[in-house]
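Please find the structures below.
Here come two complexes built around subunit A, the first alongside subunit B, the second alongside subunit C.
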Partner chain A sequence: MGYRYEVRLSGSGGQGLILAGIILAEAAGIYDGKYVCQSQSYGPEARGGASKSEVIISDEEIDYPKALKPDVLLAMNQSSCDLYFFDLKPNGTFIVDSTFVRQVPTTKVISIPFTAMARKELGKEVVANVVALGSLVYITGVVSLKSLESALINRAPSGTEELNLRAMELGVQLAKAYQ
Partner chain B sequence: MGYRYEVRLSGSGGQGLILAGIILAEAAGIYDGKYVCQSQSYGPEARGGASKSEVIISDEEIDYPKALKPDVLLAMNQSSCDLYFFDLKPNGTFIVDSTFVRQVPTTKVISIPFTAMARKELGKEVVANVVALGSLVYITGVVSLKSLESALINRAPSGTEELNLRAMELGVQLAKAYQ
Partner chain C sequence: MSNGKASHGRVLVLQGNEAVVEGAVAAGCRFFAGYPITPATEISEAMAQRLPAIGGTFIQMEDEIASLGAVIGASLAGVKAMTATSGPGFSLMQENIGFACVAEVPCVIVNVMRGGPSTGLPTRVSQGDVMQARWGTHGDHPIIVLAVSTTRECFDITVRAFNLSEKYRTPVIILSDEVVAHTREKIQLPHPEEIEVFDRIKPNMPPEWYIPYEDTPRGVPPMAAFGDGYRYHVTGLIHDVRGFPTERAEEIQAFLTRIHRKIYNNFHDIMMVKEELVEDAEILVIAYGSVARSARRAVKEARERGVKVGLIQLVTIWPFPRQYIEPLLRRVRAVLVPELNFGQISREVKRINQGRTRVEKLNRIDGQLITPDEILSRLLKL
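After this line comes the complex of A and B, so read on.
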């Protein structure tokens, strides 16, 4: 069986995690040349402030396109942390936005205040998703930073490219500092 | 087994079909209260000008989140028409953008010049995806027009809400005229 890497990005509906999933998927699929499936589900499971976006990256064709045991979990709010932590693969990478996640069920966690830092450093909370993506990619190496940058420029709404690149770079710097 | 409805939106990378898939998924999942899985794949299958975005809508939990035999196929360019037509369910609904699709392998097709009409009526080719979505929803009734409108307003980039609503309405009118 080939390499298969599962990423779950979770948080509340307004935190931009679907877009973050698409950017990561395009970095891996278009710029890194991998097989990728990106998905999100809606339904009773998505209620209660915990929604998720998943990216599966593989060296070979993907038979089952949803995460079974995520290799990395990003939780941007408390509900998603509570709901999804126990799905994480043993020794998987667990990253939380400490702006909103106050209680973490493990000490093996990378805790970074993405939203607070996006506000403080860039004046825009709305790019907290991209800050988190920069950290996640730096920490896991799941795609190259160059591929992430290309995908980000391609997907960023016109006129926001520079802000998004600064958000990504902030995420990389935070990951270096907090790890 | 419950009701399961499979939608495949296909075309070239720049035609906005991922966003169209997300809008349709949110219309069904958030506003119509269905179970929904929305996905896109990247890899060798996505090369050559045929990319796809899928939406699975169900009354019960979705076990397999990709389309097996689409109930409806939208093809926005020739490559995607050629590649995906034969996956369509027998008697499934087949809709093409006749601006770009010149050869159709069946007479059972709804052929509408979405891109040409978006350019002519709205001055913006970029909303051809939303014009097509308006037609698709009107023809299939897969979600209510009201839910589509709510999802569209929620997802449209700030400042483009009115343009997008006009594009949706154009799609509905075209479907009435061309059907």
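After this line comes the complex of A and C, so read on.
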């Protein structure tokens, strides 16, 4: 079977993880020319608690549209970390927002305070999702940074392009500093 | 898609629901009446943006009974029309589905299936309406029901649904489900010239010669639009060739036979299945909708382990592709039918199987999609 790469973005409803998933899917599908499938938890749990957004990227048509064993897990709060960590593929990439995730069930984790840094550097917590996406893409190389940038500009409400690009760049810098 | 403009040729990432809208617009749909309901709401939402921008009409109705009523009215006036709903609304539409069958009004009804019965599970996937789509409205009636499994199919099959409804003057039901509806996938929308679009045949005789329900070799009478100058009577009562109620046995017999004949005699035109690795298969998986995606992966995995499995994805569910499946049942040693209900299509497969081969079912009714692993582990035991 062909290449299949699975990303799960999780956190609480309102952290912008579904939008982050859509941006990642458009970066992969429209700008990188890959096959892509994006889905999200859809229901009461999508508001608060643990909500998730998944992106499957492949070089061939995608059959099963949900993640089987995520290659990457981003957890933006404690409950999603607890709920989804054990789904991660062995040796998968595990990224947490250390602003909210205090207890991590493994030593193999990339722990970056996305929300705190968004607040401190950009004055807006609302772009923490884009900061995290910048880091995730830099670390995994799942799409090119150029494609991420194009998808981001395409999706950003007008007037916020600059802020979003700075958020993405902050994510990249945080990931560079971490490694 | 939020700008209300078409994007032919562009690569987009669209939800199944959005692709249904693009397919409908490409097929010439210019009227939508509906009542929003999870998980079909995005269809109404996108129609409300798309249709006014291209001179069409969007109406949010007071309920689903009125929604299909408005759609039937629009179609009688000569406009291709559609509605979209989910289980509870689909239940309300049953009466008018029967009316559209008997009055032979082309229209497309999308049912994005969610868990039932009743208000059930609004946000969860299900395939519980397969039999309702076939028999939900009372009385013997023919119906065409198509099931979609990807964003691409949402586009293509919606075009096809309109074409079949126009060609055979019949309501066509599209069964989608929550997973297909909400999964975003890459799609390149075809250019209009790449898409074949059928329109209903209109009368070409002078109005005074028009016999609205007269039989034809195809069994499909030409259809005049209200306002074209062809006066005729439309009723849900069984009617004679002029459209007026009848109780004469030979006219009743002729009418009901004709509306069945026009569908069943064209079975091969209506039947759509997708097959994969069926040629040398010893085991078959028969699946449809979102479950066909899980099945496709399970079949590949089983093949990697040396098990000769093939997949039949049903796109046309009703009329059931009996003539196609029957010969295969004679050849294979087992069939597995995974579906998100207690066994609605497996029942149909068993019925036509007549004990020839082993037919097993795999069911989930807990609002979750069947996984490839669940199908694979059953396949390995067959």
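In this text, the second predicted complex is superposed on the first by the 173 of 179 C-alpha atoms of A that agree within 3 Å, B and C clash if a C-alpha of one lies under 4 Å from a C-alpha of the other, contacts with A are read in each partner's own complex, and residues count from 1 in each chain.
Heads up, the rule we're going with is that contacts are C-beta pairs under 8 Å (C-beta built on N, C-alpha and C of every residue); 3 or more make two chains touch, one makes a residue touch a chain.
Computed from a predicted structure; not experimentally measured.
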Does the subunit A-based superposition show subunit B and subunit C clashing or fitting?
-> clash
Figure out whether A:L83 sits in contact with subunit B (first) or subunit C (second), or with both, or with neither.
-> neither
Where does A:L68 make contact in the superposed view: on subunit B (first), on subunit C (second), on both, or on neither?
-> second
Could you say whether A:Q40 touches subunit B, subunit C, both of them, or neither, answering first, second, both or neither?
-> both
Looking at the overlay, what does A:A116 touch: subunit B (first), subunit C (second), both, or neither?
-> neither
Go through the superposed model and pick first if A:A25 touches only subunit B, second if only subunit C, both, or neither.
-> both
Does the superposition put A:P157 against subunit B (first), subunit C (second), both, or neither?
-> first
Overlap of the subunit B and subunit C footprints on subunit A, residue-wise?
-> 22, 25-26, 29-30, 34-40, 42-44, 62, 65-66
Subunit A residues touching subunit C in their complex are 1, 22, 25-26, 29-30, 33-40, 42-44, 62-66, 68
Spell out the part of subunit B that touches subunit A in their complex, as residue ranges.
-> 18, 22, 25-26, 28-30, 34-44, 46, 61-62, 65-66, 157
Residue set of subunit C touching subunit A in the complex reads 11-13, 39, 123-124, 178-179, 182-186, 290, 293-294, 296-297, 300-301, 304, 369, 371-373
